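Please find the structures below.
You will see chain A twice below: alongside chain B first, and alongside chain C after that.
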Partner chain A sequence: MSETRSITTAGAAPRALRRPPARLHHSKTTKRQARFGYVFVSGYTLLLIAFGLLPTLYALFLAFTRNGAFVGVDNFVRVFNDYRFPPAVLHVALYVIYWLISLLVFVVLLALVVHAIRVRWASSVSRFVFYIPGAIAGASSVMLWLFVLDPTVSPVSALLNAMGYESLVQVVSLDNLPIVFTIIAFWTGAGGWIVIQYGALNNIDPEIMEAARIDGAGAVKTAWHIQLPMMTKWISYMGIMSLAAGTQLFVEPRVLSQATRGVVPDDYSLNQLAYLYAFRQGDFSGSAAISIVLLAVALVLSAVFIFRGRLFESD
Partner chain B sequence: MTDRSQTRRRSTTPRQWVSKILITALLVGFAVFFVLPIVWLLIAPSKDGRQLLLDSPFSFGSFEQIGANWNALFSFQDGVFTTWLGNSTLYSFGALALTLLVSIPAGYALALVEFRGRKLLLMTTLIVMLIPNTALVLPIFLELSALRLIGTPLSVILPFSFFPFGVYLTYIYFSTAVSRDLLNAARMDGAGELRVFAQVAMPLATPVIALVGFFNFVGNWNNYFLPFLMVGGQKVPVQVGLANMLANVPQFNPTTATSTVIELPTLALATLLSVAPVLIIFLFSQRFLVEGMTAGGTKG
Partner chain C sequence: MSQQSSSARRAARLLAGTASAAAGLLLLAGCSGGTSGEVNNEYGFATAEQVADSPITIWVDASREPAVKAFQEANPDIPVEYEVYDGNAGGSGTFQTKISLMDQAGEGWPDVVFSTQQNDAIWASQETNGQQAFAAPLNKGFIDDDYLAGFADGSLDYSTIDGTVYGLRNDLAQDVTFYNKKLLDEFGYEVPTTWEEYAELGDKLAAEHPGYILGSLGDSFMTYVYYGGSESPVFQADGTEFSSDVEDEHTVAISKILDGMLENGTLVKDSFFSAEFAQKYADKLVAVPGPVWYTGAIFQGALAVPAGEIGVAAPLRWEDGEIETGNVGGGIWYASSHSKNLDAVKQFLEFATSAPEFQVEASSGYPAYVEAADGWLAKQAETGYFVNDDFQQVMSDAAGQIWPGWSVTRWSPESAWATVVIPGIADGKSIESLLPAWKEELDNEATVNGYTVK
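Entry: the complex of A and B
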C-alpha cells in the first residue's frame, strides 16, 4: 500500500531553508508581488479546497447527520457496533504491525549493508534492484503476487509445496493474510525507503565514522552506536508514514477477494467496509464515519510528525 | 581511502570472511526476492496455459505464443483492453498537464513571492502532503456523488491533479536552487513578476518539472482505489480493468459463465502491459531518480 509519493517525500526534505522570501521595501512592488502571488497559487488553492478541504468537511457533515438531521455520534456508534468492524480493525492492525517490523528491520539493515559496500557498481546495482518493483504497484502488483503465491504456476512452487501448500486458497487463508499483504507491500515499497535511508546514511559526517574506526569500533558497533542514532529521524519518518498508509489497506484484499471468490472476505479491511457501507448499503453516513476515523488517524500522525519531528521545516 | 581498504583487505581475518559471506548472502537473497517475480512476469506470456502449469517456471515458451496471447488479450471483449489503456492514458496525461500547470507556479510563489496567507498555505500543504492519498478518496467520492459528477473523466482527472507533494517539491527546489538576488536584480531592472518567472526561474526549473511529473504520472497510472470508485463500465483505467478480468479466468472463477475466457498467460501479459509505461520510465530514469531522491540527503 506504500506509495511512491510518500516514500520519496523525504528525499527533498532536508534542504528546507529558514530564509524568508525576499522582502522589497518598496510598498508598490510589494503589493504588485502579492497580487502576482495570489494569481500563481490560485489554481492550486482551488484544488486544495475542492479535493482537500470540502470533501473533509462534507464527510464530517455526513458522519454527524442522518438524512440531513444532526444525530451526534450515532453513526459512529452504529459503525463501531457493526459485527464486521472489530475484525476489520484487528486485520488492519495485525498487517500494520507485521509491515512496520519488516520495514524497520530489513530496510534499515539493507540500507546499512548497501552503504557499507565499497564496490561502487555493486552498491548502485543493488539499490536499483531493490527499487525497481516500485514500478509495479496497485492492482498489478497484487495480480503478479497472485501468480507467485499460486502453487500451480508459481516460480517458487517448490518452496510453497515444501511448506505444505497445494492451492492458492490455502496460501491466502485468513490467518496468512497479514503476512501475505506484508510481503506484497514490502516487495513494492521497501526499495524506495532503502534509497532514502541510504541517502540519510550518506549525510553522516565521514569524520565521525573515521573517528569511530580509529577508536577500534567494528562495522556493527559503528552502525549501532553512530549510524542508527543519527538515522532516527528518518526511521521514525518511515514508521509514521507507513503506519498511516497501512491503515488504508484496500486494493490487496479487494483483488484477492475477487480472485478467490470470497475466501478472502470483501469486508477484510476498514476501507473495504467503508466502501461496502456506501455501495452495498447506500449508507453514506456510515461510510463517512469510517472515513473520518481513518482520516483523523492520518491527520494526527501527519501533524505530530510536522510539529514534533521537525523534519519538514516550512521556514 | 583506497590505501586503507587495501591494507584492510590484506589482513582479512576468518571472522571477517564469515561476515562477508553472510552479507553477500543477505544481499543476493533479497535481490532474488525483488527480481524473481519480475523475471517470471517477463517470461510467462511466452507460454500457453498448459506450459505455464507443467514446464519449469523459468523456461521460455515461444515467440509465436507471445503473439497468440497478445491476440487473445486484445480481442478480449472486442478489444476492451485497448479502451482501458486509452482511459489510463487520458486520465494520467490529463492530470499530469493540469498538475504541472498548477503546482509549478504555486511552488514558485510559495518560495519566492511574499503575500499574505503564504505560511498558512504552506503549512496546510505540508499536512495534506503527509496524509496517504487513499484517505481522501471516499470523502471525495461522497462529495462528487452529491454533486452528481461521478462517472465523468473529470471526476478522476481533477482529484489526480491535486498534488500537494508536487507543490512542496517545487517550493523546496525554488527556495534552494534559485537565488533571490538574481530575481531581485531582474526586478530592479524593471522586469515584471511574470517576466521574472518566465525568463529567470523557468529556465532553471527543468529538473523539478521532471521530478514532479514523474511522481504524479506514476502515482496516477498505478492508482486503483480512486478510479475504482469514480468510474465504471467502459470508462475504467487499466488497473481497475485488470482486476475485473479475474471474473473471466476459469482458474480463479470456475463458474464463469461468459463465453470468452482468459488463460493465465494472457492474464500475465495483461499484468505486464498494465505496468509497462511505468516500468519503462523507471528503467530509463533510474539514475536521475535515485539522484533526485537522495539529493537532499547528500547535499543537505
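Entry: the complex of A and C
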C-alpha cells in the first residue's frame, strides 16, 4: 500500500537528517547499502503482503460477493441500511475529530514547551514522563481508566462528583464517550508524538533560530513564524498515523462494553460492527464491506493530509 | 483492511484486525473445510478422531470454577485445562464470537463450555460457514437416556432443538420472593404476595424506614425478573416473528411500579454484584423477587446474610391473576462436537451436573439434576438457612409456574435493557418514558438477527 510505504520513508527520514551532513559516500558503499536495504525491508514486505495486502484483497473479494457469487454493491447496501451503521459512523467521526484536534493542538504545544526548556535534565525528564503511558498497551490502559472513571473507586472521585457523576454508567454515557476515548487515547499516544515532534524541532537549523533571536523574535513569534511552518510535515505525518489508528477504534469500547455489561453498546464503533457481522452473524461479506468503507475513508483523508501537508516534498 | 498502517504503533490494535488476520490465515491455509461429516452411530454425530487421554479444555465463568477444581481433585488422571471467561453474562455473546473465530480457523475449539444464557443452543446447533455445528447432540447416544431422565422436568427445554438435546442444565432459575424475616418482623410488615403489595411495601418502607431497599435495577437480567416475571409481553418470538408490546397493561403497570420505587429509593441502581451493593445494603435488603440462585450468589455469597434470617415465598403475581413467574438464566453446559476425548467430556459433564462435590457443596443455585437438588435442599435444611420449613416446596412449585410468554431467541434481551434502560434511569428518566426507545432497540435487534417484527 502506498500510504504505508510513505510512512516508512517519512519515519526513517529524521534519523538520516540527524547524521553529520555533507560527507559524500563512495559509490560502492552506496550499492552495498542499497542491497542491505532490500534485505532489511524484505521481512517487513513479506509480513505486509501476508497480513496487509492479501487480507485487503480478500476483503475486496468478500465485499462484492456473497457465498462466492458476485452481488455488486449489495453487501454495502445491506450494511448502510443497518440501523447500527449511522450511529457507529457518527461515534467514530466525533472521536477522530476530537482526538485529531487534541493531538494537533496539545502535542505541538507541549513539544514547543519541552523544546524551549533550557535545563537539560528537566527537558529529558519531561519527555520521559510524557512517554511512559505509551508503554502500556491499549487494553490494559482501558482497565486502568476504568478505575479512574468509576466514581466509586476513582482517585479523582471528588472531581467526577463535582461534575455531577455518581456512577460509572453516567460517566460512560453515549454523549461522553468520544471525550472519554479521546482522553484515554491522548494519554497513551501523545507522549510518543511529543518525542517525535521534539525531534522535528531539533532538526531546525540553529542558525535560523539564532537569526530570529537576533531579529528580536520572542518564543511565541519564533514558534509561530519559524518552528510551526518547518514542522508541517511532521504534523501531517502525525495526522495520518492517528487518523488510521483512530478510525479503527475497537479495543477501548470493547473493553468498556464488557466492563459495563453492555451499557456501552458492543456496536459502538465501525470496527466493532464489522466484528459483530463476522463473528456474531457469520456474515463475512458484510464485515468486509465495512472494512472496505473504512479503508476508502482512511485513504481519502490520508491523501488530503499528504498533499496539504507537503509530505512528499523534499526540503 | 487498513490495519497495516498502524499495527506497528499499537499492538493492541491487532485485535481489531482479527477478522483480516483470520482471513489471511484462511488464504494461507487454503480454506480448511469442515469435518468429513461421517456420522458416528455410537454418538449420533460426526466425531473427530478420538485420542485417548488427550487433555480437555473447559470454559467456565468464575462461579463455575469450583466445578473444574472439584473434578480435577476427583479425577486426577484426566488432564484438564480450563479458562475462565465472562460466561456470556449480560448477553455479551462472547461464547458465540469465540466459537465463530475457531470455526473460521478450523481448530482450537474448547471441549466443554458453560454459558449463563439460555439461547446458545439456537446458534450452536447450526452449521456455520461450512463447519459442523459446535454443540454435540447429547441424546443420540453420547449421554445415556437414563442420565438425561435425571434432570428436572422441562429443565432441558432451552437447550433442546427439534427433539435433540444440545446442553445440560446446570441449575434452575425460577423466580421466587425472598424476604428478610428479621427485618419484616422488626418493622411489622407482611411478606408481599402481589406486585401491588410489593409497590405498597416500597411506599411504606420509604416513608417509615428510609435506607432499606426492595431490590436493584442495576443489572440487565432485571428484564427477566420484572418483565418476564410480570407477564409483560415484551419479548415474544413465534418462529421467526418477533413482537414486543410495551403498551400492554402489565408492561405499563410494572414500569410504573418500578418508577415509583426508583423514585422513593426502595429500588437502587447499583449492580447486585458490585462491591458497593454489598457494602451499602448487606443488612438493608428487606424483600426481593429473584431467581432461586440468589440463595448462594447473593444471600450466602455477596451479602453474607447469616442463617435464620431469609425466607422464601411464592413468586409475586398480579392481584387479579395467577402465579406466572420469570426465569433468570440457569446455566447450561455444552460439549464440543469437535472434541478428541469424548469419554473425558462425558465424565466431566456428568460430574459437573450431578456430583455432590460441586452441585451440593460448591454450587450457588438450585441444581437442575434432581438427585443433586435433593442433596442441595437437604443441605440448606440442615444448616437451617431459610426461616420457613416449606422453602423446598415453594421453590419446586415455582419451577412449574414459569410464564411461557417470554421467548428464547438468537440474541439476548439483556443487551437492549443494558444500552437503553440502564443509562436512561442513571440519567434520571422514568422507565415508562423509555419504553418506546426500548421497544425500538428490541425490534431493531430482532431485524438484525433475521426476525420479522410484528
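Here, the second predicted complex is superposed on the first by the 248 of 315 C-alpha atoms of A that agree within 3 Å, B and C clash if a C-alpha of one lies under 4 Å from a C-alpha of the other, contacts with A are read in each partner's own complex, and residues count from 1 in each chain.
In this text, a residue touches a chain if its C-beta (ideal position, glycine included) is under 8 Å from a C-beta of that chain, and two chains touch if they have at least 3 such contacts.
Please read all numbers here as calculations on a predicted model, not as lab measurements.
Student: Name the contact category of A:F250: first (chain B only), second (chain C only), both, or neither.
Tutor: Both: A:F250 reaches chain B and chain C.
Student: Based on the superposed arrangement, let me know which partner A:D266 touches: chain B (first), chain C (second), both, or neither?
Tutor: Only chain C; A:D266 stays clear of chain B.
Student: Is A:S291 touching the first partner chain B, the second partner chain C, both, or neither of them?
Tutor: both
Student: A:A59 in the overlay: touching chain B, chain C, both, or neither? Say first, second, both or neither.
Tutor: both
Student: Examine A:V169 and indicate which partner it touches, taking first as chain B and second as chain C; both and neither are also allowed.
Tutor: second
Student: Name the chain, either chain B or chain C, that contacts more residues of chain A.
Tutor: B
Student: For A:T29, decide between first (touching chain B), second (touching chain C), both and neither.
Tutor: First partner only, chain B.
Student: Determine, under the contact definition given at the top, whether A:Y83 touches first (chain B), second (chain C), both, or neither.
Tutor: The answer is second: A:Y83 touches chain C but not chain B.
Student: Taking the superposition as given, does A:G282 touch the first partner, chain B, the second, chain C, both, or neither?
Tutor: Touch status of A:G282: second partner only.
Student: Mind working out whether A:Y95 is in touch with chain B, chain C, both or neither, as first, second, both or neither?
Tutor: neither
Student: Which chain A residues come up in both lists, the one for chain B and the one for chain C?
Tutor: On chain A, the residues that contact chain B in one structure and chain C in the other are 1, 3-4, 48, 50-52, 54-56, 58-59, 62, 137-139, 152, 192, 241, 244-245, 248, 250-251, 254, 258, 260-261, 271, 274-275, 278, 284, 287, 291, 294-295, 298-299.
Student: Can you tell me which positions in chain A touch chain B when the two form their complex?
Tutor: 1, 3-6, 8-17, 19, 21-24, 29-30, 32-38, 40-41, 43-45, 47-48, 50-52, 54-56, 58-59, 62, 106, 109-110, 113-114, 116, 118, 124, 126-140, 142-148, 150, 152-157, 168, 187, 191-192, 195-196, 198-203, 219, 241, 244-245, 248, 250-251, 254-255, 258-261, 271, 274-275, 278, 284, 287-288, 290-291, 294-295, 298-299, 301-303, 305-306, 312, 314-315
Student: For chain B, which residues are in contact with chain A within the complex?
Tutor: For this pair, the touching residues of chain B are 5, 19, 23, 26-27, 30-31, 33-41, 44, 52-53, 57-58, 101-103, 105-106, 108-116, 118-119, 121-136, 138-143, 145-146, 158-159, 161-162, 164-165, 167-169, 172-173, 175-176, 180, 183-184, 187, 192-194, 197, 215, 218-219, 222-225, 228-229, 239-240, 242-244, 246-247, 251-253, 264, 267-268, 271, 274-275, 278-279, 281-283, 286, 289-290, 292-300.
Student: Could you please specify the touching residues of chain A with respect to chain C in the complex?
Tutor: Interface residues on the chain A side: 1, 3-4, 7, 48, 50-56, 58-59, 62, 82-84, 137-139, 152, 167, 169-170, 173-174, 189, 192, 240-241, 244-245, 247-248, 250-251, 254, 257-258, 260-263, 265-266, 271, 274-276, 278-282, 284, 287, 291-292, 294-295, 298-299.
Student: Going by the contact rule at the top, pick out the chain C residues touching chain A in the complex.
Tutor: 1-7, 9-13, 15-21, 23-24, 26-28, 86, 89-94, 96-98, 100-101, 104, 128-129, 219-220, 269-271, 274-276, 414-415, 418-419, 422-423, 426-427, 444, 447-449
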